[in-house]
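Heads up, there are several structures right after this.
The two complexes that follow have chain A in common; it is paired with chain B in the first and with chain C in the second.
This part shows the complex of A and B:
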């Protein structure tokens, strides 16, 4: 699971109001190189919650992202390369996503997050 | 018993003619829906709408109930490799085996997409709200007893509850929430699902609709319909499935 996926997920447990971002518990992490595509990155920069990405990439052992973004940064290839690496190349292979409000863990197995709820959580 | 009749129904629609996109299925699983005539109908509908889709330039595309990944992979290929550089793909399924197979299908075609095991789009609806430009759905639409809806494994791929509408009726409000102001929903339905009522319901929320493709299912359940519901009233007319031509 790349951090882009993480950035789109919130805890969906009934009654949880503060479900984003989910904390990461990393058991196994892998890095998979993918093609650098500045257009895709510029598009996604508008959709990503930056702070959540910064925190998640730190949890994955990558601390190169700036605390904040500025519009001018999209012109910097150096910045886009870091964003690319954090967003698309770091994968949580095994671990869990932890609901910030309840501590409930959503498992990530073989790189796929499972957000299915138990009956009493719906 | 009714499970049996639903399977027979699948056998029936298997006989229909179709045109397929060139997707290699590299993985399969006994509990995962193999692309069938309804999958082909949806992909053919997307293919016949390719010019519109390219013009639409979607930035975020979502499939609910991706099964083997056949449809979302096809959509990515239809939108094109270069174009796909700018498109974000996300697919969900309630069946964990399906998501694993979909991962392999996507990988085999070099498509990057996010996959999540979830009920419809639960857990994604906050962050994807109003971001989705194209949503594609081949839902479980076969009328069955309500208990079969959302069962484990392959049953969930066809069991649609009363009038085959249970899962569809769960998807529609989610689609409405996720679709952007220019968002489009492509969805397969049966005549038994009362598609004109679906169109009417969505029209009240500001969606125009049109039938993209229609094929008969030869078993008395009427036609299988691939329709487009678009939020922006680009197609300011409403049709419904009463012609039964093949």
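This part shows the complex of A and C:
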């Protein structure tokens, strides 16, 4: 699971009003190279929750992202490369995602987060 | 029709390790799913600016549908309820990220994040109650409401479905509309029972020019030559689209006659299907009251 996906996921347990962002517990991570596409990144920059991405990438041991973004940054290839790496190349292989409100853990196995809810959570 | 997987077992049981492997190694299935996905992507009508989008593949299975998205250069995230199907997807090293989840519980996504969604041959599963706690209506509602929320304004979702009958089709469509989507059903090859395929083409946001439902392939073809044009259900609903003038919902003019229908019904009975008894009304032309 990439941080792109982490940045989209939100806990939808019944009664949870703010399920984003899920905290990361990292047991195993891998990096896989992905083709660099600035257009995709510029589009994504408008959508990502930056703070959540910065924190998640730190939890994954990558501390190169700036705390904040500015519109002019999209012109910097150096910045886009870092964003690219954090968003698409870091994979959480084993670990869990933790609901910020309830502490409920969603396990991640073989890179797949298990978001299935128990019956009493629906 | 008697072999619909949906009525055999819940999806996470039906698509076990064995079935997931069989499914993904059948060249026939690979080809069909690729075609359906290509068409769905076309109906998504993403801007043709070469910019890769972030798409969702609902009921992604082993990644056959997602591969079409990858080939078109898009990033995608797939959701499926079957661990076995996802395991095969991992083995096949699909490019998209995978989530184990149940669309009937609602999508666990933050609002407005995805640029478009496809679903190939999956959403009809929601019409079945697999557990005593399952209420298809609640699950359809949770699914469509969460799908609506997760899409960015103006984005589309294209869902290719195999409803079991007219009632199921209407049920699915009605929950999509109630969630706020505009759009309708596109039927490709409506006059052929084999090639006939249905797509819910849904747009997030108020109806506009861009949310007008596109035409199905082969929709206006002359159906009189097609041997399957007698299929009762196909005849009843060529296009079930709320935004389309009634007149276009044309019914087949020519029929094969009573003898042919009686023979077909007999064949279906032999297959063990429930077929209404023959009567003097059998194969009579219906009034075009709609």
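Convention: the second predicted complex is superposed on the first by the 122 of 122 C-alpha atoms of A that agree within 3 Å, B and C clash if a C-alpha of one lies under 4 Å from a C-alpha of the other, contacts with A are read in each partner's own complex, and residues count from 1 in each chain.
Throughout what follows, contacts are C-beta pairs under 8 Å (C-beta built on N, C-alpha and C of every residue); 3 or more make two chains touch, one makes a residue touch a chain.
Treat the numbers as computed from the prediction; the structure is a model and nothing was measured.
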Checklist entry - Between chain B and chain C, positioned on chain A by superposition, is the outcome a clash or a fit? => result clash
Checklist entry - Looking at the overlay, what does A:50 touch: chain B (first), chain C (second), both, or neither? => result neither
Next on the checklist: According to the stated criteria, A:119 is in contact with first (chain B), second (chain C), both, or neither; which is it?
Outcome noted: second
Checklist entry - First (chain B), second (chain C), both or neither: which does A:39 touch? => result both
Next on the checklist: Identify the residues of chain A that lie in both the chain B contact region and the chain C contact region.
Outcome noted: 1-2, 4-5, 7-12, 19-20, 37, 39-40, 43-44, 47, 49, 88, 110-117
Checklist outcome for this item: Counting only contacts in the complex, chain A reaches chain B at residues 1-2, 4-5, 7-12, 19-20, 34, 37, 39-40, 43-44, 47, 49, 88, 106, 110-117
Checklist entry - Which residues of chain C touch chain A in the complex? => result 50-54, 75, 77, 81, 86-87, 90, 97-102, 105-110, 112-115, 131, 133, 142, 146, 150, 152
Next on the checklist: For the complex, give me every residue of chain A touching chain C.
Outcome noted: 1-2, 4-5, 7-12, 19-20, 37, 39-40, 43-44, 47, 49, 88, 110-117, 119, 122
Checklist entry - How about chain B: which of its residues touch chain A in the complex? => result 59-60, 85-88, 90, 94, 96, 99-100, 103, 112, 114-119, 122-128, 131
